[in-house]
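Paired with chain B in one complex and with chain C in the other, chain A is shared by the two complexes that follow.
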Partner chain A sequence: MTAPARPAVGPVRGYLDYYLTSMRIAIATQFQYRVANYFYMIGMVAEPVIYLVVWSTIARQQGGEVGGITPGQFAAYYIVWTLVRNMNIIFTPYGWEERIRTGELSGMLLRPVHPIHADLGFFAGWKFVVIVLWLPIAVVLSALFQPDLQPRPIDVVVFAFAIWGAYLIRSVNYWILGMVTFWTTRVGPIFQLVFTAELLLSGRLVPLSLMPDWAQRLADVLPFKWTFGFPIEALVGRLPAPELLGGLAMQALWIAIGAIGVRVVWRFAVRHYGAVGG
Partner chain B sequence: MAGPAREPLRPLRLFGVFFRIGALNELQYRANFAIQVFQSVIALATGLAVIGLVFSQTTHLNDWTQPELLAVMGVHILMGGVIQTFIQPNMVRLMTDVREGTLDFILTKPEDAQVLVSIREVKIWQAVDVLIGLVVLGVGVAQLQASIGPIQAIAFAVALLLGATMIYCFWLILTTGAFWIVRMDEIHELFEGVYQSGRWPVTIYPGWLRISLTYLVPIAFAVTVPAEAITSRLTVETIAIAAVFAAALVVVTRAWWRFGLRHYSGASA
Partner chain C sequence: MPDPAIHVRDLRKTFRVPVREAGLRAALKSLVRRESRDVQAVDGVGFDIEPGEVVGFLGPNGAGKTTTLKMLSGLLYPTSGEALVLGSVPSRREPAFLRQITMVMGNRNQLQWDLPALDSFDLIRAIYRLPPDQFRQTRDEFIELLELGDLVNKPVRNLSLGERMKVETVGALLHRPQVLFLDEPTIGLDVTMQKRIRSFVAEYNRRLGATVLLTSHYMADVQALCKRVIVIHHGRILFDGALTELASRFNATKTIGVVLKDGTVDLSAYGEVMSTDDDRVTLRVSRADAPEVTTRLLRDLPVADLTIEDPPIEDVIEHVFAGAAEDQRVEAEAAAAAAGASS
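Coming up: the complex of A and B.
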């Protein structure tokens, strides 16, 4: 006896429904761990506060600015940094080892959608919890450090798109990086090299304009700048409109490159997968 | 079989035993040593890049010069190595034991529980950072053109010991909270984040932050004070405050630990 035929859902409706459901589940799950989330966010705030204090100290010593940036502008940069940093958090490449070893991936492979959508959907939903939890932190930081922030409407709009673009670029790129785990378990050094390059070339450490010229040119051709420095600068940098839109276009390009990379590498990676559990 | 009278040095002997076991365990995985060296070198290169970046824009930070900041970074790495080798593994294991009820196995042993939970884990490959820290410290001090007399060396050793004691107490106070708030895994993320503030001398931070990083999370005593000792900036006052604060912390930690232990419900609860 067969089940009654259900109307077929088109791919757009299907994916949209899948994403919305994943996001709702993520929100419901993560909201239960508010305290844990807060501990993590507060520990994470230490990093930009340290950079902010160091560079503001230098700026004040050098007569009010360093590299054309005042303490108030550093404060704006690093406070927006905290939101962008949270938006940047994606499924860690280190997580692949457990997924493969425990056979958790088997369950994900049984679904009719590519496993990456599970990660994209879940973390996207989590972002909404994070944004809500972040607001009080932003208020406190602004009271303490007096940022010089006057964004124009176009800055806010581009920023809203750019943070999600950053999320997508980082998601696909680190998915590809994580798939290295299918071939070797000694992934620590490889990942650390990539993360260090990202720290130095993305605008996470300092505004990219303070880095030496060769580093800035290198940052232009790598995806890191578009995940960190560009979203921050979009909001605080008062960039001209062509640069803002050009930045969004670069983000779209890196997302496309990453998406193709995921498709290609996944085909080879999943052939190496064999699990007994899950 | 040991007699009923407690030998006063037994904790030290036990530490030796646990250290040997831990070291033998880790020595099996020699590839981990290479990986640890690689990771420490990358972290060091990043730290040096940051100092280089700072000093491409200025010649001093507050009144700390580049060699002095190198010395601070050296102490930061060194102390980080001590924490990762001796302190943090024990605290993480204690959190797990409280959560899973396996702390019972410690409580039934004929030795003080606080001693046992503090000395049983040693991650010797993390000691690579201690060596790297010493090298960086040496380079910084060599560039200082001021000689290190025996007084500075002793002050430095004393400051390091006091600092490490305070970090241990701080960690144990936090971990004892696991007796009530069972899930505390994010604590060590929080600590790692806050510990990064020790990369720079705490004197550069605004007042409220400096006080927090001195008395709330004793980063100042762990990193800045020893760095001050080796760069001849240390005053007698500071080391006296450090000694008093360390003694007070040890007493408070002990009392808090015993209070927490009374609230431990065990594996069968």
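Coming up: the complex of A and C.
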């Protein structure tokens, strides 16, 4: 008997099974490359450590704080930053060109599941490897920089949701950006522009509270803050509960906007697919 | 009469490709004005394939075979024309349609490179939402049919090309598709491995009654699997019919093999001598003259053995393509002459 047009199980159970299987495969794959993953993560730690050292030095020179943030709070911010950054790793927009050129996308298009689910499932699985590998790094950084971190239970719960919200916002946004590759292969400068905006307006380079007012207002209406600054602040900033819940609501809004964007852009983008690579 | 599994009418695909000459001047010029031209990859193709049929789709490189297959599997949007596969419009890529087809592209790796194939098979189960019992039964059956044994427990990156193609083929068919688009499924494989894949496809077609559209440059694949062939060249169909008819339609010659009782003699008076191996002489004669030449050979010479055969299918196909190229050249010359006369 050949395949029936309708699957044996419903969509909810089907997608749950698909995600769990994808995640399991990602974990198995990434543990095969645990040493490479570790060096990658250690390399990634260099960025926040530089920020941390610079800001801590400035804080000490200015009498113990910058904009109300002490060296201990900077340490907490940038150590949590390392986890948020790793949770924010998604399928890079630069990867689309290779995916199209090698024909990998053809294989994905032949499956009865939208290709974004393959990326979401795989990178979500990878996060579990990341968290396991991150723990010792966090211990070492904490011993070195003495973070001032005293989260309340609500901070921990909101943070747990916020890091996954950040992952989803970044995934859908960079999927939309990556799909520009269907129209032109000269996409590097466009990507770089967006990455620069993200660096400045997300809280990645510097806590947003240290940015000028206009930059903070701009960050409020862009998605970047909800992928870096908000999850970090949720754990270290002792934000009031309404602000925490409002932040999660903003994340949900950006996820919804991104999902609609993916749906619309994909419909037009895939018509431009030349399936050149096989 | 059931509806055809694949229905194609006047299908066309035009690609717009950038045009740029070599050199710095051309590079600078392209900054200001980018030029492109249209390439007609598929030019009004039409055919029907009945459920359960295995059809060979033949043509030289760039003929439009793969582009047609990609349009039928939903990977490419046609520029115009009609295509229906199992009653669905492929370019809509509806999940119900995708669940019933597969496309195997030679040398394409769709399995997880770092993990054993069994893990990839499990992901395929989840993608197609297959019932676990049916999945296990199909998987084990296919593993046995292709004699994969322990290969499915090895990381895919450690498998040879042939082994990988076998596991790829299993992966592509685990959801038991009704329509198979096979694009060079045996490319780069040794003869034994080609044979194994061929028998597997034949067995799949026999057991499940699936429809197969196959492109291959290995005529052994086509001869073993397809009763019907469609020949495409420059995006147009040159022939659609039985494989046996292809030889009689496009080949005007027969091959006569002769072994004489008292050694070889010059047989050039009977036809074109193609080869002489030990005491066997192979002659090429026109199809019409074959009976008369055979009678003369048997009458005039002490014949120990005589065979009459169609030439190898590769030669026939080559002849078809050469004929099409010649027709095109003549058409182009006629068009040029007409243009010259009217100017």
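Methods note: the second predicted complex is superposed on the first by the 268 of 278 C-alpha atoms of A that agree within 3 Å, B and C clash if a C-alpha of one lies under 4 Å from a C-alpha of the other, contacts with A are read in each partner's own complex, and residues count from 1 in each chain.
Operating definition for what follows: a contact is a pair of C-beta atoms (placed from the backbone, for glycine too) under 8 Å apart; a residue touches a chain by one contact, two chains touch by 3 or more.
What you see is a predicted model, and the numbers here were worked out from it, not measured in a lab.
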| item | value |
| --- | --- |
| Which of chain B and chain C A:L149 touches, first, second, both or neither | neither |
| Which superposed partner A:T29 touches (first chain B, second chain C, both, neither) | second |
| Chain B versus chain C as contact partner of A:V187, first or second or both or neither | neither |
| Touched partner set for A:I131, first chain B, second chain C, both or neither | neither |
| Which of chain B and chain C A:M250 touches, first, second, both or neither | neither |
| Touching partner for A:Y273 - first (chain B), second (chain C), both, neither | second |
| Touched partner set for A:R111, first chain B, second chain C, both or neither | second |
| Residues on chain B engaged by chain A in the complex (per definition of touch) | 31, 35, 38-39, 42, 45-46, 49-50, 53-54, 56-58, 60-62, 183, 185-187, 189-194, 196-197, 199-200, 204-206, 208-209 |
| List of chain C residues in touch with chain A within their complex | 15, 70, 73-77, 93, 95-103, 105, 107-108, 110, 112, 114-115, 119-120, 122-123, 125-131, 134, 175-178, 208-210 |
| Chain B partner contacts - residues on chain A that touch it in the complex | 36, 39-40, 42-47, 49-50, 53-54, 57-58, 61-62, 66-67, 144, 186, 188-189, 192-193, 196, 199-200, 205-206, 210-212 |
| Touching residues (chain side chain A, partner chain C) in the complex | 1-9, 14, 17-18, 20-22, 25, 28-29, 32-33, 103, 106-107, 109-113, 270-271, 273-275, 278 |
